[in-house]
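After this come two complexes, each holding subunit A, first together with subunit B and then together with subunit C.
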Partner chain A sequence: MVKEIESTGLPIVHMCTVVPISLTVGANRIVPTVAIPHPLGNPALSQEDEKELRRKLVRKALMALETEVDGQTVFDQ
Partner chain B sequence: MKKIVHYINQFYAGIGGEDKADHKPEVREGHVGPGMAFAQALKDEASIVATVVCGDSYFNENIDSALPEVLDMIKSHNPDLVIVGPAFNAGRYGMACGAVAKGVSETLGIPVVGGLYPENPGADMYKRYGYFLETGNSAAGMRKAVAAMSSLALKLLRGEEIGSPEAEGYIPKGIRKNYFAKERGSKRAVDMLLAKIKGESFTTEYPMPVFDRVDPAPAVKDITKAKIALVSSGGPVPKGNPDRIESSSATKYGKYSLEGINDFTSANGETAHGGYDPVYANEDLDRVLPVDVLREMAANGEIGSLHEYWYATVGNGTSVANSKKFAAEIAQDLLAAGVDAVILTST
Partner chain C sequence: MRLEIGNINIKDVQLGNETKVEKGVLYVNQEELAKVTGDDERIASVEVYLAKPGEETRIIPVKDVIEPRVKVSGSGGIFPGFISKVDTVGEGRTHVLKGAAVVTTGKIVGFQEGIIDMSGPGAEYTPFSKTLNIVVKVDPIDGLHQHEHEAVVRLAGFRAAAYIGEAGRNVEPDDVQVYETKPLLEQAAEYPNLPKVAYVYMLQTQGLLHDTYVYGVDAKRIIPTLIYPTEVMDGAIVSGNCVSACDKNPTYVHQNSPVIHDLYELHGKEINFIGCVITNENVTLADKERSSNMTAKLVELIGAEAVIISEEGFGNPDADLVMNCRKIEKKGIKTVLITDEYAGQDGASQSLADSTPEGDAVVTAGNANEVITLPPMKTVIGYPEVADVIAGGSAGSLKEDGSITAEIQVITGATNELGFNYLTAKGL
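Moving on to the complex of A and B:
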């Protein structure tokens, strides 16, 4: 899906937990997430901390969208 | 009698479904689950001395620690061969089987036999580390898979020569093997050319690799002016799953309005995905589709705006052809709506 959307020229960031799958299918901008059943959350945290975690991950995704890449790039910093 | 260790996931071990996918590696004596069918097919030539079980989510989320642990369990039984799966089209299970195959072939140097549907992401990534028999896309193909995998395993254990992928039914490993052909290359090439001119079928001796890659789209110039859209293969749908998107092998996607949704709760959203434990997503769908924080960011100017619809399907066992079709339609819709960039979440 990522490739098909990107092929129209729309920049797309793939937020997922199993990065090797994303690399295999060919996403170019990849942001690793928390866990398979809750990629953008962590039920073990308080509601505020969980939202802050999600905010940080989404900011990383936005940063990835603003970054020129010339091949598959995992934004894990 | 030759010794085999079998690797399976928590589901096939009878431990449980997605709610148990975080099960840590464990080893059991003898065969477990589908191992019984293998044991029967292997007759008295080989025996499954142990079965290593690991939850699919646990393995993939903790691969750096889970893989060495699984390999130690396998090694402690001194097998002559390892069987993984079959995993059919189960993505995380296929990835785990592939990683185990790679680990075994690199550290123990013994052959691995597995079973995968060709579209399983584990196939493309790990096909060179084992003999992965091509299976159907679901466990309905178990009987056939067991028969094919057992017969190849026995051939390997007997030291017999393994034929070509076509002859044996395994997914090509990307290995080139020299052999003496009856006719020289120039003659074979001209024969192929003549066949092509006559419109007859011919088989190339050197298939070109398929470079199924897309160039990265240019970056967004100014994210604070950009319209961002959300797409997900994790099955996030409005409460009640109005389009009845299937929990696996989806044949459709949904387009849903975000009007009036600033924050997901157990009252307005849920997941349709049958391939992971839905408890966390059903409690708070922002964990799959981060609408709450994107609403905030649109309000405080961190992004230009959030596209008023989201698009969702279930990636669980869904064919590549369907996924492509959904995404092509979604992309046209996004372009028509003036979307500048997309966040796609997967579970």
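Moving on to the complex of A and C:
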């Protein structure tokens, strides 16, 4: 889906846990997430901390969307 | 470590007044077995059934299959960390009631449980249509949390298998097989001219009812480690898995891993089988990276020149398989991978979730998405309605006449990734 949408000219950020699979399938902007059962959350955190975690991930994804890339890039900073 | 496996060939199983083996017939005292199996306050009821090859019987949902065994000499006991203390197993002598199996069923724990048909087309897909099955239907008390329910049924199965296995303690086995792996340096020196081959044994540990245990430890909490292959054969690894029935390793398969048996078969003839590394399949990238790094390092450390890597389950564990392959190959060590495929019902889709050019020697155990119709059976042990919810089934899988149309994913062991299955392919 990442590749199909991108082929129409829309930039795409793939948020996923298993980055190597994303690299294999050819995503260009990759934001690593938390864990396979809960990519954008963490049930071990308090509700407040989890909200902050989610906010950070979404912000990072938006930042990745705005970033010019030259080939496959993992936003893991 | 040197382990003797004494096989007591069981030709028939019958209910009787005493649990014993006599002239190849296993007699089971139904009441005693139910009492031992149900010895847990979280269990509401236990029912015992027999299911024999050729009968028109279906068992659904199948949670685990366990081989009844008894440790007659050497350290440790059956299922260390669960039934016995955690003493190291893998040496001495273990008696096996060969041909018999304990099958656990009951109210469904997780949605990924299986089906065993004792006859008909489904029987050709499961190795457990050929075993004499003692089925224990274990139902828990109300209100039990799902994870506790899993533990309850898992332990009940082990108690049942240990109780039945005890009947083989003083029986002279029909044959005794000896398996031995020496301490590493000694083992490496024994056959200096043969290629040193190791086995990387991936264990399903995704959590959410997808768990495997090593000496009682949840394997998602281990870092990869070395284990004597005879420890595996002797019950050190057990299943706590409700992952798709076709390609999980029931405890019986861990006890009888064909990969380990075949490596021993070639040991000293074509290869020097130097050891086994167990690793896990966890759900965070850091875990996957750490475990595959450790696995590659251990394989290098023991001096392997080639390894066989087997996967358990599918989906994100494909990424672990590929990482293990790539990192081991990068060290100049050859790999052969064993997996299965989810290539769609027409077989035309991508088979694995991940791939690598280094994975150039791969054995497949079959396409789990193939569709099959299982005809109605005279007897159904368990709860047939779960056919609509188990992985590989869908709403409407169970027809009014009792037949089931679903993917072979629903059949216990259909595409087992240790090769403990019957699917084969022929070139045209």
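For the reader, a short list of remarks on this structure follows.
As a working rule, the second predicted complex is superposed on the first by the 77 of 77 C-alpha atoms of A that agree within 3 Å, B and C clash if a C-alpha of one lies under 4 Å from a C-alpha of the other, contacts with A are read in each partner's own complex, and residues count from 1 in each chain.
Operating definition for what follows: a contact is a pair of C-beta atoms (placed from the backbone, for glycine too) under 8 Å apart; a residue touches a chain by one contact, two chains touch by 3 or more.
All values reported here derive from a predicted model rather than from experimental measurement.
With subunit A as the common reference for superposition, the partners subunit B and subunit C occupy clashing space. Of the two partner chains placed by superposition, only subunit B is touched by A:N28; subunit C is not. In the superposed model, A:I36 lies in contact with both subunit B and subunit C.
By the touch criterion defined above, A:G71 lies against subunit B but remains apart from subunit C after alignment on the C-alpha atoms of chain A. In the superposition on chain A, contact is made by A:R54 with subunit B only, not with subunit C.
Of the two partner chains, subunit B is the only one touched by A:L62; subunit C is not. When the shared chain is aligned, subunit B and subunit C each come close enough to touch A:T17. Within the superposed three-chain model, A:T8 lies in touch with subunit B and out of touch with subunit C [touch as defined at top].
In the superposition on chain A, the chain among subunit B and subunit C reaching more residues of subunit A is B. Residue overlap on subunit A between its contacts with subunit B in one complex and with subunit C in the other: 17-18, 20-21, 24, 35-37.
Of all residues in subunit C, those touching subunit A in their complex are 206-208, 283-285, 288, 316, 318-319, 322-323, 353-356.
By the touch rule above, subunit B contacts subunit A in their complex via residues 18, 21, 57, 60-61, 91-92, 95, 121, 124-125, 212-221, 223, 226, 228, 231, 233-234, 276-281, 283-284, 286-290, 292-294, 296-297, 302-303, 313, 315, 323-324, 326-328, 330-332, 334-335, 339-347.
Chain contact summary for the complex, subunit A toward subunit B: residues 1-18, 20-22, 24-26, 28-29, 33, 35-41, 43, 50-51, 54-55, 57-59, 61-62, 65-71, 73. Contacts from subunit A toward subunit C in the complex involve residues 17-21, 24, 32, 34-37.
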